[in-house]
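A single structure is presented below for examination.
Just so it is clear, A, B, C and D label the chains in written order, and each chain counts residues from 1 on its own.
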Amino acid sequence: MLEVNGLVTSYGLIKALRNVSLQAEKGKLTCILGPNGAGKSTLLFTIAGILKSDMGSIKFLNKELSKIKTSEIVKEGLVLVPENRLVFPHLSVSENLLAGAYSRFGKKNEVEEDLESMYKRFPILKERYLQEAGTLSGGEQQMLAVARALMARPKLLLMDEPSVGLAPKIVNTIFEIIKTLSDEGISIVLVEQNAVKASAIADHIYLLDQGEITFSGTPDQIEDNDIIKRAYLGDISES
Amino acid sequence: MEFLQTCIDGLLFGSAYSLLALSFSLLFGVMKRINLAFGSTLLLSAVFSLWIDSLFSIGIFGIFFLMIASSALINIYVEKLCFYPHSGKYGATVSMISSFAIWMQLDEMSSFLLPDRTASFPSFLPDSFFLKDLFIRIDQLFLFLIAVFMTSIFFYVLYKTNYGLLLRGVSFDGELAKKLGVNSGKISSFAFAFSGIFGAIAAFLILSTESQVTPFFGFWCTLKGLVAMMLGGIGSLPGAIIGGLFLGLVESNVINYLGAEYRDICTYLILLFILVVKPGGIMGSALLRDERAASERI
Amino acid sequence: MSLYLITVLTNICLFSFIALSAYLILIVGEVSFGQQAFFGIGAYSLAIFFVYFDFSIISSIFFGMLICFCLALFLSLLTIKLSGLYFAMATLAFAEVFRLSMNLVRFPIEKEGRATGLNGPEGFENIRWIFENNIDPLGFFYITLITLTILVISLFILERSFIMKNARIVGKDIILAQSLGIRPRPYRVFFIGTAGAISGLGGALFALANTYIEPAMFGMMLGVHSLAYTIIGGLGLPIGPLLGVFIDIGLLESIRFLSEYRMIIFGGLVAIILIFYPEGIISPRIASRIKRLFFNKGL
Amino acid sequence: MLEFKSVGKSFGGINIFENLNFQLKKGEWVGLTGGNGTGKSTLINIATGFQLPDEGKVNLGNVSLLGLKPWQIARLGVKRNFQSVRLSESLILRDQFFVPDKKIFDNLEMIQASGIKGFLNRFPSECPLPILRKMEVLRALLHSPSILFLDEPSAGFSQEELHEFSQFLITYVPSSISLVIVEHRTELMQLVCTKSWGLFLNEPLRIM
């Protein structure tokens, strides 16, 4: 459903993406692995329209996205869960969720329904719905960020390193949540450094290094590839 | 008793300052920018409405609504010309200067529409009454009540509506809002229009209490709004209200005990003092800290 | 030259001083809404020293500048922790306190049969140095022009020194400055102080040219104009602010058919110029290009 | 010569590191690596005075760096570059050394050999990234550092550029200077450093 072709993006002088092509299929969990600085976040930002690409095309459900604004892209159903569990720290939990549904503000009932279903899915958020989001723990903030993205009723969820900076136990919980979402049929593009955890749940894996895709295949294939294994699965940033 | 009377006068008039400071804080909260053309927008909208009234006699309510509409429009003009094009590190300074230039422009337009320098402004309820020994002007009381009412509407819009939610989102973390696909350009236009509407109502109330409009009104609005906002604490909405009331209290007491000519001097001395001693204003220093934190992120 | 033209040119020179003072403060990264106060303090100090105490004109100007320098130093130390809007508002408050206080001070005297001296809002009349010395408008224009030229040349010399280079880095990127071992605060304090003195010099000349000063002349309008001059002129070279003054006073005010709409045009023009040249017409980048052309050091 | 003693730092309730200990000796070239959010840049910021640790001691020789301003620390010889290239957009490279002209002339050979000379009259936006990174290192070198921190110097480099940069460091950074290269890529540090350290979330510094 998402098709990226020959994408080139620069950060000022730094060429962060050099000719990246990939595909994400409907209902599948596509994972982009790579070390820090490989250009993973840049890739997601470019897909989400936050960064403009220099070259290349991004097709989503046969619609070209590379020239339109983020607000339009969100309306198309591509929603980003930003890195570092970014929530609005001074807004309450429920307000954070509502902010996620802003593209559908007209349909009040629908939004209310979604809010209820989010509370059902993440009971901890219901307990804290009046609390300022900044007071939540790291794991809870990550859940809130995911729930906020779901409020936009995404066709494809772009997740940027959901496990960064979280304690191992909570990382497990977050990956379980991602797995559940994927099993429910939500299409996800997941960007991760945590190769072991991510490859355990992914349907398809891309390896990104220095702004280039160096590997594409299923998790089984990656196990066979010794070089990749040493480069990423044994990476010291994975701890 | 005299002190009480002075304080009541001060609070009643201070409520007008609060409204001005709220309009300022709204923009400062969202855009982190200062709109120096704010007061002259209000002046131009008032003068323009009076001019239309002189041609078509639209009546006091006509003036009221025309002021609101024109002020919102002029504010959007200011936004598109002075704020929208400037972003980045120096954007804040450049747009401040740019809005100052537009201030000049709007003021000059006002003086074209107001060749006599002063014009009478329609007022209502010009009566006063005594509460025991306290002298209370009904229009000032009315001003105060409307100010309270307006403030509640302000908070309602900001805290209970979707646009208010997005506005607060953008003001807390514009980058994140952008990542979520919030159209921040639209939100900032909305903020400007809203601040224009709000300011126009405040201006209408003040002008009808004074029952005249002079070319200095724009400058006066900008300055009092800015000072009240700085006194209360930049970016804090309760701070803006408190700052406005505080400014009103100080001014009426200074007028009473020292004389009218000392009013502004004391205001500025207090402002200078607060800036030096507690730069965040009366209501804490949230924003000052945020700015520092941002500059520390290397 | 017609008298009108001379007056316009003299005004351009006089307001260039306050524009240059705004320029120096912008270089160290601050915005001052209060340079008009130093312009006013310079003017009033000159008048007081010259009229009350019969100082010579040179020492009157000198002491006026000295007072401005010291007050500006004091203000910069008082506001050492403030920056951005906070600093701008503090300078505004300072300037307004000065202006409003001058409204309250009355100490009129009579000198050679003429009323003079401090007289609240009615101003300070009869600062008659140019009449006493038979200086015609053209002569006075040359005096201001020469003073301004000396000032601009010294700023150009300063421009080549490490002081200015460091100050620019402090203003542009304080973090980089610190990582290079540059101590930011002395630059800030020194530049704000010097800016005060330069503004005071302009004010002193202004008082001589006008022979009459009143507090209303030193309102916020003057201060923010000086900022606008510098911002549209550009922060690249000391002639930037002069260009800004020239555009406003020289082009708009003096062309009669435009002068009626001067502020409408100037206001819109500044806003539009800033869209296309957010760093001013002579921006630091353009200044670098000019320097690259002229001073290729053989590297 | 530079010593961190049980240094701790947290941001908004999240612990970046606690009880961080290490010693950097004179002339030692160390690579420091670690994942996102493990506080690599924070470590540089603390060492150069841009941030204060919540607890612990930071000493340079016998001098405590705590409470010193960044410019004071810089004058003590602790220099750094920045992750985002910090060069002024409006100045040509030649004007960005911020040392007296004489010093530039004295080091002209080095500037020439490192390939920057041709770019001295250009604005940063007209130069390729490796030149700018070298420029930052050269600028620090002209300010005679005793310790030099390089924050992500090879981000965005291709393989060839990285090798060229490592050659540049080996050739022009005097061996008396202690060099700390902070990166999450390990190639550069493998090429130039004699030692490497790893930072992990909530764990003490690991020597590898």
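The definition used in the following text is that a contact is a pair of C-beta atoms (placed from the backbone, for glycine too) under 8 Å apart; a residue touches a chain by one contact, two chains touch by 3 or more.
Just so we're clear, the structure is a prediction, and the values are computed from it rather than from any experiment.
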item: Shortest chain-hopping distance from chain A out to chain C; value: 2
item: Chain located farthest away, centre of chain D as origin (C-alpha); value: B
item: Innermost chain by mean C-alpha position; value: B
item: Distance from the mean Cα position of chain C to that of chain B, given in whole angstrom; value: 30
item: Euclidean distance of C-alpha centroids - chain B vs chain D, Å; value: 48
item: Whole-Å gap between the CA centroids of chain A and chain B; value: 42
item: Geometric centre distance via CA averages, chain D-chain C, whole Å; value: 42
item: Contacts with 2+ other chains: residues of chain C; value: 175, 279
item: Residues of chain A whose C-beta touches two or more other chains; value: none
item: Contacts with 2+ other chains: residues of chain B; value: 298
item: Chain A contact footprint on chain B (complex, rising order); value: 162, 165-166, 168-169, 172-173, 176-183
item: Sites on chain C touched by chain B in the complex; value: 31, 78-79, 81-82, 84-86, 88-90, 92-94, 96-97, 100-101, 103-104, 174-175, 220, 224, 227-228, 231, 261-264, 266-272, 274-275, 278-279
item: Residues of chain B touching chain C in the complex; value: 34, 36, 81-82, 85-86, 90-94, 96-98, 100-109, 219, 223, 226-227, 230, 234, 261-262, 264-265, 268-269, 271-272, 275-276, 279, 288, 291, 295, 298
item: In the complex, chain A residues that touch chain B; value: 45, 48-50, 69-75, 79-80, 82, 86-91, 95, 98-100, 102-103, 105, 148
item: Partner chain A, residues of chain D touching it in the complex; value: 12, 14, 33-37, 84-85, 125, 128-129, 132, 152, 155-156, 158-159, 184-186, 198, 200-201, 203, 208
